[in-house]
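Okay, so subunit A shows up in both of these, paired with subunit B first and subunit C after.
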Partner chain A sequence: MIIFLSFFSESFYSILFWGLIIGIIYSLLALGLNIIFGVMKVVNFAHGEIMIMGAYITYFISTLLNIDPFFLIPISMIIVGLLGMGIEKVFFRPIKGTSKLNEIFVSIALILIIQNSLAQTILEVNKEVKPVLMTTIFSGSSIELGSLLLPLNYLVILLVTSIFLIIFYVIIMKTSFGRRLRATSQNRNAANLMGINVGRMDMISFGIGAALAALAGSFFGIINSFDVYSGTLPAIKAFAIIILGGLGSIPGAIIGGLVLGLTENITDATLGGAWRDAIAFLILSIVLIIRPSGIFGKE
Partner chain B sequence: MMNDSRAITKATAIIIAAIVVIAAVGVGVYFAYLYSLAPPTPPAAPAGIKIGLLTHLTGPVSPTGQDMLKAFQLAVEEINEQGGVYVKEFNKKLPFIPIVEDQQSDQQKTIDAANRLVNQHKVDIIVGGFGSAFIYAAQPIIAQSQTPYIITGVSTPRVVTRTDIDTSWFVLYQAVGPEHGASIALILAEAVKPVVAPNRNLRVAVIYQDSPFGQDFFFGINQTTVSKNLPLTFVYIGKFKVGTTDFHALLSAAAAAKPDVIVPIGFIAETINAIQQGVNDLGLKKIWGPVCTCVDEATYYKNLGKAGDYSLMQTYYGPYSSHPSAREKVQNFMNKFKERWGVLPGSQGLSVYDAVYIAAKAIELAGTLDKIKIRDTLRSMTIDQLMIPVPNGKIYFGAKGQQTFEIYGVQLRWDETIKELRPVIIWPSNIKEANFQVPPDFQPGE
Partner chain C sequence: MMNKIFGKIQIAVIAVLILIPLLFPDAYYLQIFSLILVFAIYSMSWNILTYSGQVSLGHAAFLGIGAYSSVLLAKNIGLPPLLTIFIGPIFAAVIGLALGIIVLRLREWFLAMVTFGFSLIVQAIIVDDRLRFLTDGWNGIFAKPLVGYISNYQFMNYYIMATITIGVYLITLIIYNSKLGYAFKAIDENETLAKISGINTTLYKIIAFMISTYLAGLAGALYVHGITLFISPEIFNVQNSFWPLIFTLAGGLKTPEGPILGAFVIWIAWIQLSSFAGYLALLAIGFFLAIIIIFAPKGLIDLLTRITNRILGRQI
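Up next, the complex of A and B:
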């Protein structure tokens, strides 16, 4: 059944709001992926699994210490960020500059390693691998905005992410570290000649990307039930977003995420969930036909 | 004298020789006669009966697959502790030799796993398997090997009705999608409608997984509503992709159609997300469900939380409810499972546990490991109900190769003392423990 929503209806605003929320999470995930790609030119297919690793770290510490998940997200980001740096050093650095196929196979191997390690760990701790959901102090609380019900969890996620993205943008664009990162992204050889340790930049960018994935994963786990395998689909979408927004572009990842989130939700409500991915990828194709380098990509 | 004596000797020798020959023949005939009366020596017995399990040990479906594995191991251990299964052909009890192959949450991997079971391990019988599409794809290789298979984790009846392979090797021990769908429609019409909308049709929104699983369920709901002329009006029908986590837009659209009831049909994580997002995020004060039997696991009651208060489920077994006819057996099973594995079993585990006992019974009744005879026995035997409730308390696959089940409806209520949901049977009327309760803040559809 197709329901056409009138432009100013209650449902329309509701759908826009939820599209924005899911878009924000996509943006975070795509941003991390884009930073890794921008600096290292490496395609990390295991980004979704790193995201879920972040969600589980937040969940386990929260359960163990009985602390609200929101307060534990920075810890999860640090842990996953450090793990990300380790992954870069152990798995990606040795194959850097070799065939792209090697990178693809290494990241596929990482998917299996992370998934199975998480599954085995959870099996040991919980005796079974079942979906989990994090509850926060805001769970169950909402603010009414006219006819719209805005749950506090989502508003906090929206607020924190917006602040985080602004700070992140300032760091990348206005600080010395950001300049070095961008220089490495633009021309590795030139950056190297200018005295930038590009190897270290690779490691740091992978760490930042992983930490962003942990942030996205923790938010994902606060609003959805998740399990070891929940990262695969969002990661595929994150890839679509960075292509849509432009490979290596930070604003592209953010705008691309929001576009995808809104498109999916509007499609869900109008044409039905079965069309969700088809329409989203149709828009991706149209954008790429018009602008092959993506919305913010360089020609 | 010498000549006479030699002549006598010669005649005597001939007579003696004749007597010896006759005696020898007589003795031979006698022993042959005796031998013919003695029972034949049984053929050499194998070390055991190879029973294969198809399940998902890895990948997204592995949480369910692990449950199946645990139940399988428990059943095999129990049977082997009793000495195994008596096989008349060998005049002795043979233990089960369990062989487990991993479907890896993937269609091709399921085909590979089935291939290893039948061609490498050459199992005598297979049980389990989860996922309609996966098992459907693996069936040809099993049918070709002529190995009997008790399918437990498939919701489509097509696995026993398809015509492109010899389906006589398969029996289906699982309530199928249309059967589940029918019970959803009946619960809504008979238990919910009279209370919520006594003077009009019940307004129902259905959102279902866009897969053969979801389609079969919806087919059952729709077909039963039409064929039985049930007082249900479908005001919204929506689909979602497998693995969907964000239901806000779909539910907003469903809510815009002003339903009394929203029925989400999906796997456990999808169902939890849909109800939580609908209740907590969108504030939809509707009746939720009945949801799929497949979610009836301890995790569902724990993770759904208060959002699931007053929601409905159709089931034939759960960790906190069981059909009166099977309650004692189910309780024993759950205690043993919990003791052995430290967790409660899910409905798929229960089906596999039953299936191992059905396999044992079929082999015992067939009296042989001859696969054709086991297959024929599986389809012709009638045995007492195990744990899953069945009509008349008898398991009988028959020529259709399919068992039907006694499905019942429960309403979940929040238990403040344990801070979890617990089910109460509300349908059918002959076994109900309480009447359906309308949620206090319920907002009826228009």
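Up next, the complex of A and C:
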């Protein structure tokens, strides 16, 4: 009853707001994973490491050139997108069509490779490996809404994400490229027969997924301090989201991400911090026990 | 059956495990080899589950449950650690039984996800305030040493680990050459076909889960009583769930010797490299793993047998 009553207090709204911001990061990760899955039918467990790579690229350029991280996000997205295409070609293309377990295995090799190459780079540049936080021009300032403090950074993140999602929607739904991508996602063989280069689509979809991860990572580095190991959990949670929201479903990924962000923050406030990371998998396990192929999966 | 089990490779593996302390009588090296053996047992446990066509990305859950049960039994009831390392894992097997039943219908990624999440769920339960009186939350608890503080205790320690490693290795060999192993293999290759051939796939999948989780718990108990002498919820970390996979893949997936060979090669390479290369050591291991997965999916053991056969001029 006490917990229930406190839901209407001011702190409840602040829990909701913070949950929404974390939810955006999950949504972007899940969206990227889902595009890769839709086109390639491959799961990349190393998505979180790609996200952290994006965060570090934004961080390094911004400290090196003294430019605000927000302006560097597109550059980071392009670099990571290109790297993503390379990763697809080197690591995922050779194992395509073999056992599905190989995707998990190669992802874990990739996790080791990305984490340690990042750590080594940081060691060379910074002389020590410790968590870092990006500061922007908006850091420290916030807007007061009643007794609720809304950090300006978070509002900018909300705005930038909305703009990106609209651009993304237009590209996927209205352009001829988007049509080709959706066609490959719906039926690979038919798309191939229609003259679409599905191999190139694989590479591009992986690039887009990686670029979205870089966007998520840059935001992650603005709201949290991060190190090379902070990406693994968010990405695997993002995979839980796309199982729940429907493999290949874009609205499912976005809504699922936001819902998870809110759920985690409410869980943290009621059950305690350790359950924060466990709750996504608890929900996932319960759903999969009832429906082994996911909510929207075919039996 | 005995002839089938004891080929040249098997005798070589056992001989190497027994002879190591005579070749490296240094206490420091013995500690490292004991640690490697713990991870070899852990990897063998993971490998048995994979042999039955199921994959776990959350085996750290059972490593931790076995370890916690053993430490708590030794601490609160006063049983000797040499006994609790075998009793503790029973809890891991019981929980493995429950999870095995729950995930029966799940495959591939879905199974990987649920098992991955399970280790986080167990961690959340262990650090929960209501269990603080037992586990002391994130602070962790001290574990009694496996052998008391006698001189040359590293020797004793190593031979206890080696005996158990050989035991687990023999169990794996017996499973592989028995009806149980054939059933596992049939399920792995085609579950529907296995079912049609009259194999009770449900029963065998659960048996695989129980054997695997018992052995993972045993590895956990050995790890805390024999190596760290301390246990904290850090044992449920993601890395601990990934290690058996890395070792087994490197050595040879679904082969009995693979996990042992992989644990030795990767650990020794890591220790040798990390002294001068820092993070580059794990980076190299990552690349090595990717190369194995892409170009030599049968692992090092397969390469090794092929090379020895080539040298000896034998046809396979």
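Please note the rule applied: the second predicted complex is superposed on the first by the 269 of 299 C-alpha atoms of A that agree within 3 Å, B and C clash if a C-alpha of one lies under 4 Å from a C-alpha of the other, contacts with A are read in each partner's own complex, and residues count from 1 in each chain.
Criterion: a contact is a pair of C-beta atoms (placed from the backbone, for glycine too) under 8 Å apart; a residue touches a chain by one contact, two chains touch by 3 or more.
These numbers come from a predicted model, not from an experiment.
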{"item": "First (subunit B), second (subunit C), both or neither touched by A:Glu128", "value": "first"}
{"item": "First, second, both or neither for A:Ala274, with subunit B first and subunit C second", "value": "both"}
{"item": "Touched partner set for A:Leu233, first subunit B, second subunit C, both or neither", "value": "both"}
{"item": "First, second, both or neither for A:Asn116, with subunit B first and subunit C second", "value": "both"}
{"item": "First, second, both or neither for A:Phe105, with subunit B first and subunit C second", "value": "second"}
{"item": "First, second, both or neither for A:Asp68, with subunit B first and subunit C second", "value": "neither"}
{"item": "Partner chain in contact with A:Phe91 - subunit B first, subunit C second, else both or neither", "value": "second"}
{"item": "Subunit B/subunit C common contact set on subunit A", "value": "115-116, 119, 123, 232-233, 272, 274, 277"}
{"item": "Residue numbers on subunit B that touch subunit A, as the complex places them", "value": "58-60, 62-63, 66-67, 105, 207, 210, 236-241, 243-246, 248-250, 252-253, 255-257, 268-269, 272-273, 276, 280-283, 297, 299, 303, 305-306, 341-343"}
{"item": "Residue numbers on subunit A that touch subunit B, as the complex places them", "value": "1, 3, 5, 9-11, 14-15, 18-19, 21-22, 115-116, 119, 123, 127-133, 135, 139-140, 142, 149, 151, 154, 220, 224-230, 232-233, 264-270, 272-274, 276-277"}
{"item": "Contact footprint of subunit A on subunit C as seen in their complex", "value": "50, 55, 57, 102, 105-106, 108-110, 112-114, 116-118, 120-121, 123-124, 127-129, 238, 242, 245-246, 249, 278-283, 285-287, 289-290, 293-294, 297"}
{"item": "Complex interface listing, subunit A residues touching subunit C", "value": "43, 91, 94-95, 98, 100-102, 104-106, 108-113, 115-117, 119-120, 123, 232-233, 236, 239-240, 243, 272, 274-275, 277-278, 280-282, 284-285, 288-289, 292-294"}
